[in-house]
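Each of the next two complexes has chain A plus one more chain, namely chain B in the first and chain C in the second.
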Partner chain A sequence: MFKISFIFIFIFTCNYPCFSQSTKTVTTSGTGHEDLIIQKGDQQSADLNQEGERQRAFIFQAGFGQAANVNQSGSSNLAFIYQMLNVKRDSTQIARLTQSGFNNFLYVNQSELNRASFSQNGTGNTIFYYQNSDSSKTKSSKTTITQKGDGNRATVIQN
Partner chain B sequence: MKKLTTLIAAFLFTAGMAFAQSNEATIDQIGDGNNSDIEQDVSFSNGHVAATVQNGNGNQSNIFQEQSSAEAFVSQIGDANISDLKQAGYNDADVRFIGNSNILGSYSNLGSGVAFQKNGSGIFSTGFNKLTLRAEGNNNLFGLNQEGGTEARIGVLGNRNEVSLFQRDDNSANSTFARVDIDGNRNTVDVNQGNGLDETDNFTRIDIMGDLNTSSVMQSTSFNTARVTVNGNSNTSSVIQN
Partner chain C sequence: MKTLIHILLITFITGIVSVTAQTADRDVNVFPEQVSIEHNEAVERFSRDLTLILTKQLTGAEALNDAVNSADQVAIINQFGDNNVAEIFQSGFGNFARIDIEGNRNNAGIEQRGDENQAFLGIIGNDNVISLLQDGNNNIFNRTFTESGFNAGPFVQTGNNLNIQVTGSGGIPMIIEQTGQGAGIIIRNN
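Right, the complex of A and B next:
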């Protein structure tokens, strides 16, 4: 059985803004870890370092000027980053991820003015990046993906 | 797990949607058998940039862009790579190949690739599509289907390559332009222009240096210009204007 460490921050009833300018840093090692970080305030940062295999990272952010930084070393890891706003206004959200090893998977869903940078080293890795847009805004986004290895797949959908 | 799912769903439900446009995506892949997909299809927006660089063998790049003023850049270095490209509106594409048995496809069923620059809709329907292709290698297949005002500039260095270009223009204010430079042997060039609804001013220039190459130009409607220059032995050229 995998050891499961579960970091759980959920502002269930918090309305924007709340818990602004906070940083959550999590470092795990071993196999089978599962970490969940949820942030709804402004200027928040989620820094997650997972060392090992078969690890899972879930980050949900819905605030102004947020950043998610994920580092996963090992194989068969999964990272899920979901960044979206609970109010329509200018914002910048940043997602950065580094995965090394084999058969890693990354899913990122962003909206608004975003910056995303993803790096995967190894074989059989997958990145799926999805971004939403709306005619009411005139913002732009920038996504950079680097994959080194064989049999990797990167998908970017911006609409 | 049920509790986790419920809480995630609650979080997503309370978060509103927010938005962006003029997107830029860059994918850099080093290795074999990689796959890259970029889709930018914001119907109200323009100015998207998609760039894919693949270094290895057996890689595939797919780029899909709508509406207008989009730019696509594809560079594939290696063998047996495939580049699929579809743009709508007035767009630019720059495609580079270094290697053998690569495919940029469309028109004349060139492999499984799709290279298609089509008219946009509404105010973008009279735009100008432009493609630049540079390739070094052998046994490559390059095909392009362009609509609107069109411009294709193709340069190929190598042997046994095949270039097929289909251009049509449905607006009399625009024109079609094709420039193909071939340096090598046993290559084939096919340019077909003038199939639009209100089309004139088709222009084709082909320069070939090498032996046993074949070129053909087909131009319909009026005000057509074809200029073919061949330097080598046992080459075959044909120009049909009707």
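Right, the complex of A and C next:
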């Protein structure tokens, strides 16, 4: 809880743009890794690859032209992708995720003009996708979820 | 020795002729000719039906592609397996929701609030539970299925210019509730 609070404080106190056109790549393997990527500014890209069990991936992005790519293999992994609204103009956001294994969880929050593609292979996996668009801006979002296995759950909320 | 020289000479000349012929034929167009066969009536009917099915499928795919491209918000869920849950909630104008499931004992639901929305459900399997709620005008729901054993929850549409199309095979109990003007229902059960 403290860590999440710290993340939000960091994002909202950082003057725009903190960073611009940067790519962050993280690759880990093992058990219990926790990786956090925070990007604010335009044309941000985050690539996160995790192998093993109980992996946690947190990606927070604010700006225009953001992209988050997460690959997780193993079990009981968690991915959290939060791409924020840009109050001044339309936000173009891309989120991709592949998870293989069982009991994996994905939470994604995006705004308008997004492209999202998520794939889960295994059992007991969960995807929760939430999109909240500014009604005054252009809407063009496409979200595709593919789940192969038993006992999976996919929830999409688009406002 | 003389015989060996003759064999080598013939082989060499044959090789040159072959290479020359290949080079000469490289730019020549080939016009294959079809053998004229009169098919019997069954073959002609099968060919005609197949062409019709493919044309319908292509037309349907193009229409679906157009719908996806023109929609403001698109959500597509594909699930392969048993005991899965898929749900889509959309609000606003011009949304598109599609859930395709292949498996048994799955639960799928779509809820759309707003106008010009489209919802599709494609189901292959048994004992699946599906439901729909559309609240608004000019909304469309299209459902296709194969195999039986559905527990089709109520398909509820409220508004004007509504449309529900259900296509599939097997005897399936279903509940349709429409409230509004100009509501159209098409059910094809083969």
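Note that the second predicted complex is superposed on the first by the 141 of 159 C-alpha atoms of A that agree within 3 Å, B and C clash if a C-alpha of one lies under 4 Å from a C-alpha of the other, contacts with A are read in each partner's own complex, and residues count from 1 in each chain.
Rule of thumb we're sticking to: contacts are C-beta pairs under 8 Å (C-beta built on N, C-alpha and C of every residue); 3 or more make two chains touch, one makes a residue touch a chain.
Predicted model, so just to flag it, every value in this text is computed and none were measured.
**Student:** Should chain B and chain C be called a clash or a fit once both complexes are overlaid on chain A?
**Tutor:** When both complexes are placed onto chain A, chain B and chain C end up clashing with one another.
**Student:** In the superposed arrangement, does A:Q147 touch chain B (first), chain C (second), both or neither?
**Tutor:** both
**Student:** Figure out whether A:N132 sits in contact with chain B (first) or chain C (second), or with both, or with neither.
**Tutor:** Only chain B; A:N132 stays clear of chain C.
**Student:** Return first, second, both or neither, reflecting whether A:F60 touches chain B, chain C, both chains, or no partner chain.
**Tutor:** first
**Student:** In the overlaid three-chain picture, which partner chain does A:S75 touch, first (chain B) or second (chain C), both, or neither?
**Tutor:** A:S75 sits against neither chain B nor chain C.
**Student:** In the overlaid three-chain picture, which partner chain does A:Q158 touch, first (chain B) or second (chain C), both, or neither?
**Tutor:** A:Q158: touches chain B and chain C.
**Student:** Can A:S111 be said to touch chain B (first), chain C (second), both, or neither?
**Tutor:** first
**Student:** Name the chain, either chain B or chain C, that contacts more residues of chain A.
**Tutor:** Tallying touched residues of chain A, the top partner is B.
**Student:** Considering only touches as defined above, state whether A:S45 meets chain B (first), chain C (second), both or neither.
**Tutor:** In the superposition, A:S45 touches no partner, neither chain B nor chain C.
**Student:** If I apply the document's touch criterion, which positions on chain A are contacted by chain B in one structure and by chain C in the other?
**Tutor:** Shared contact residues on chain A (touching chain B in one complex, chain C in the other): 123, 129, 131, 133, 135, 139-159.
**Student:** So in the complex, the part of chain A that touches chain B is made up of which residues?
**Tutor:** Within the complex, chain A contacts chain B at residues 10, 12, 36, 38, 40, 58, 60, 62, 82, 84-89, 91, 111-114, 123, 129, 131-159.
**Student:** Would you tell me which residues of chain C are touching chain A in their complex?
**Tutor:** Residue list for chain C touching chain A: 68, 72-92, 95, 97, 103.
**Student:** Report the residues of chain B in contact with chain A in the complex, numbered from low to high.
**Tutor:** On the chain B side, the touching residues are 4, 7-8, 10-12, 14-42, 44-45, 48, 50, 56.
**Student:** Looking at the complex, which residues from chain A come into contact with chain C?
**Tutor:** 123, 129, 131, 133, 135, 139-159
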